[in-house]
């Protein structure tokens, strides 16, 4: 009976594996009315976007700062538009930006799904506590979305 | 003269009778521009969704906890999307979840319609006070929606 | 260059003259992308809607109370959906409901246009202060909407 | 067991009878931890405050407008500070400002108590529906406050 | 090093056992800077407060309705003032009001502690999911408060 | 993979150069799903709209006041609808309205892009600090939007 | 009868004349319960605070940026704490920061009082429209505060 | 002239060095009206608080989950009470909780000060962009607070 309209699902975090593609494939296969939103996942484009558009900086700190501003226009807007936020932690790097996005989403009252291997459980315990579900594989996220959005 | 667009109406509460179907039939017959939103009403699917997707739990408390998280992704999102929330109390079970949803909706400023038999009047007096209307039959809810949405 | 999408304009207040029709005619003639929203303007239907749907009351106070609840589902939802609220005061009746709606809209940060004859200026000075414009004729409201929505 | 701190109670509406004094007397006698907030009740001071401070106006509309602005600094600030808003309608005058304040308070989620004679019941039915209680006498308002704030 | 000021803790739910007194005793013994807030726990005073103050009603529904309004002035104000909300479910009665208060608090972003025997675990799973902690005994609530407020 | 829907971009500030047209051209060429929103840029129409519609004023202050009210209906509504706000400062005039709009947008949490020549850097340092990016040319704004909205 | 507690009044804008001192003197003389809040008015301390604390910058833009960040911690916090915001425009400089603060305050729903000479009326018409009062002299601001806060 | 009242400053992040003590010493020496708020910094007490109070868990995930809930009561409440949030990243550990808290604070509109060594600059660029200032040493944070709170 339910008609839910389109859900916006923001996929935050790791940009070095194919987890977004696996979720996209699963969502498409399930025919879910979902718009998948994401940060720019081209690492060097993301790092350099500020100076690429607005001119170079001598200091690395300001080089990063300009890029981070442009990325924030995208990410904060998309998190605000999102109905659900998925945050993925991979096995490498600091990934503080992923945790920042999760905190940002949580304070806005967005339902959060965390996605990470067991080895991160202790370090992510506060974030997992703020999440509605903790998944290990992208396909589990697809199942959660299928249930939340389309289960009769 | 009025064009109101589509209204989202969330149907919270009892999952053991056909009240949602009766509202859906009435809304369809009246041709109202309404999207009816609902929790998952398949009782065992709802209870087990957490462990079905993310793996079993030894403790019943955590079994329930995982399922409740997945259900909350759906119900909190739909309540936030709703223009009006209807909450139904049947004759059996504790139905604390229905009352929780009603409180959640009330604090978000959603207009609330309660639907229950007279025998629950005293126990539901605070909830009914927070509601804009208390109906006894699903068809009365349809009439209220017809008036609110489509009455010239 | 501007594309504004559709604006929702709620027309609160007096139900005993043709001011809504005059605004509707002007908006249609100007081809504005406006959805006009309104309370139920059939006086007796509005007064009796509570008891008509949910059963009669011995006390007039509760008769009114039940009707007011059903009307509030409509009016509060539409004010929340509105981009602009117009509030009209005619020459008769207390019209406290119109002033209540105006205060409600003002606290939600909705731009307010008041519409009333000069004779009410002193009594409506606080409300006019909260409004962005005070018009005397419905056609002036149309001109304001035309400027706000469609002026290049 | 309960320690509630001080409650701010804003007394909106009629300025031509002694209802505020009666509430103040009752609150004092009951020893309630209440700060009573109110608009300026000196009618001519209130009407003229804008021009008295910032200079005269040739047009009555702007004379009123300037005064209404200064009064709004007071009333909107106090309504925002209030925990509870009481709104009184007397037997004379339009009193649209009282209804505006009530709508403003309601949209901010402030619990509302209306206070008026029975003869206004029909005209105030929407406002009374938005209120948590409708009293006839100031002493009843004191009793409600006593219960809400100090009843063990 | 930390100075947290006073915390407001609202104790919602069951009024037929001494759990509030046990929390009060524990808080006092621990010397916590806590103001404990509560609904009126005198059952008949709570049921009848509306008609006691504002006059009797022929219909039980409106008798309850008037009382529920006065109680809501208290409970909604205190929940809004609260930093933490504890909700207790006992072994008897419907206790829908407790669940409504919990939903209301959750939607306002208040940290929630649930307190109930294991037998209610399944029926309260959604509410427990929304809570930050589920305790079995009032003394555990005191320990949680001690940690949250005063642990160095 | 991303589908972002349409973004509303409000273009605040200077009305004496072709910067809006240059952004519109760039956005069109890039095929971005952007609705460009703007104030009325016809200077005299904007100045006189209040008296043109609602009648002349003897005092210039009130002439301006009436016009500013009508313009505010447009600008505040569009800023509220905006996903991103661009604010342009040209080389002439006080342009306090542009700075006011920027502060308004910032407090609503809208991502801000400032656009101005270097000569204004010191005077605009607080505003630039609140912005996510400071551009010198309209084409840079287009590049920022392209990245934020459409970069894979 | 009224006890309003202390009001926080933020004094934004011009730092090159003695208007804040004149308001402080007037408020003290009137014995008003007002806490006057202000930005740092030592011009060079304000400009250089970022580099003074966190180290120098080669680029003037980032020198300013660092300082603006530290000032924003102060000004945004104080505007949020304020009950009323006064914004003063003097005869010199761009003063875009003052207009930005006014827009920021307006969007937060703070009552605004503007203070400036007549020569700025046209350039400040939108800001004056958003204000509750426009004063010419600091002493008029004191009178407005006296009325709003302490008039019986 | 300014009286700002007490500021609440929440100190998030690293618990393995003496940075909080250094800020506390500096604040005390400067005589600032600051209440310093902090999470529990006793690592094992923090890890085990859930099971210590509410009973042991067989699964480490739920052991952590229970503890994280109790800690969240404290941290989310204190972040909501805070006027300013300082977030510190040390040289060890994942510290995702610190980044989560920073995102949470940012979305609530709290001014953020980040504190970390240069080696983290690139990994923290998004978080630093959301901050009003990035400091290297606790004493710089004290200077920023001194300026923001007490500079005449």
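Order as written gives the chain letters A, B, C, D, E, F, G and H; numbering starts at 1 within each chain.
We take it that a residue touches a chain if its C-beta (ideal position, glycine included) is under 8 Å from a C-beta of that chain, and two chains touch if they have at least 3 such contacts.
Here the structure is a predicted model, which is why all the values come from computation and not from measurement.
Among the remaining chains, those touching chain C as well as chain E are B, D. When the contact pairs of C-D are matched by residue number against G-H, C-E or B-E, more than half turn up again in B-E. Counting every residue number used by either copy at the chain G-chain H contact, under half are found in both chains. Chain pairs B-H and D-E differ in how many C-beta pairs they share in contact, with the greater number at D-E. With centres defined as mean CA coordinates, chain G is found 40 Å away from chain A. Between the Cα centres of chain B and chain F there is a gap of 42 Å. Centroids of chain D and chain G (each the mean of its C-alpha atoms) stand 30 Å apart. Spacing of chain A relative to chain D, judged by their CA centroids, is 48 angstrom. Annotation for chain G: residues 69, 72, 109, 134 touch two or more other chains. Residues 8, 20-21, 24, 35-38, 40-42, 45, 49-50, 53-54, 66, 69-70, 72-74, 76-78, 80-81 of chain G touch chain H in their complex. Residue ranges on chain C touching chain E, taken from their complex, read 57-59, 62.
Interface of chain G with chain F (complex): residues 60-61, 64-65, 67-69, 71-72, 75, 89, 93-108, 120-130, 134. Across the complex, chain B is touched by residues 1-5, 7, 83-84, 109, 111, 113, 131-136, 140, 143-144, 147-149, 151-152 of chain A.
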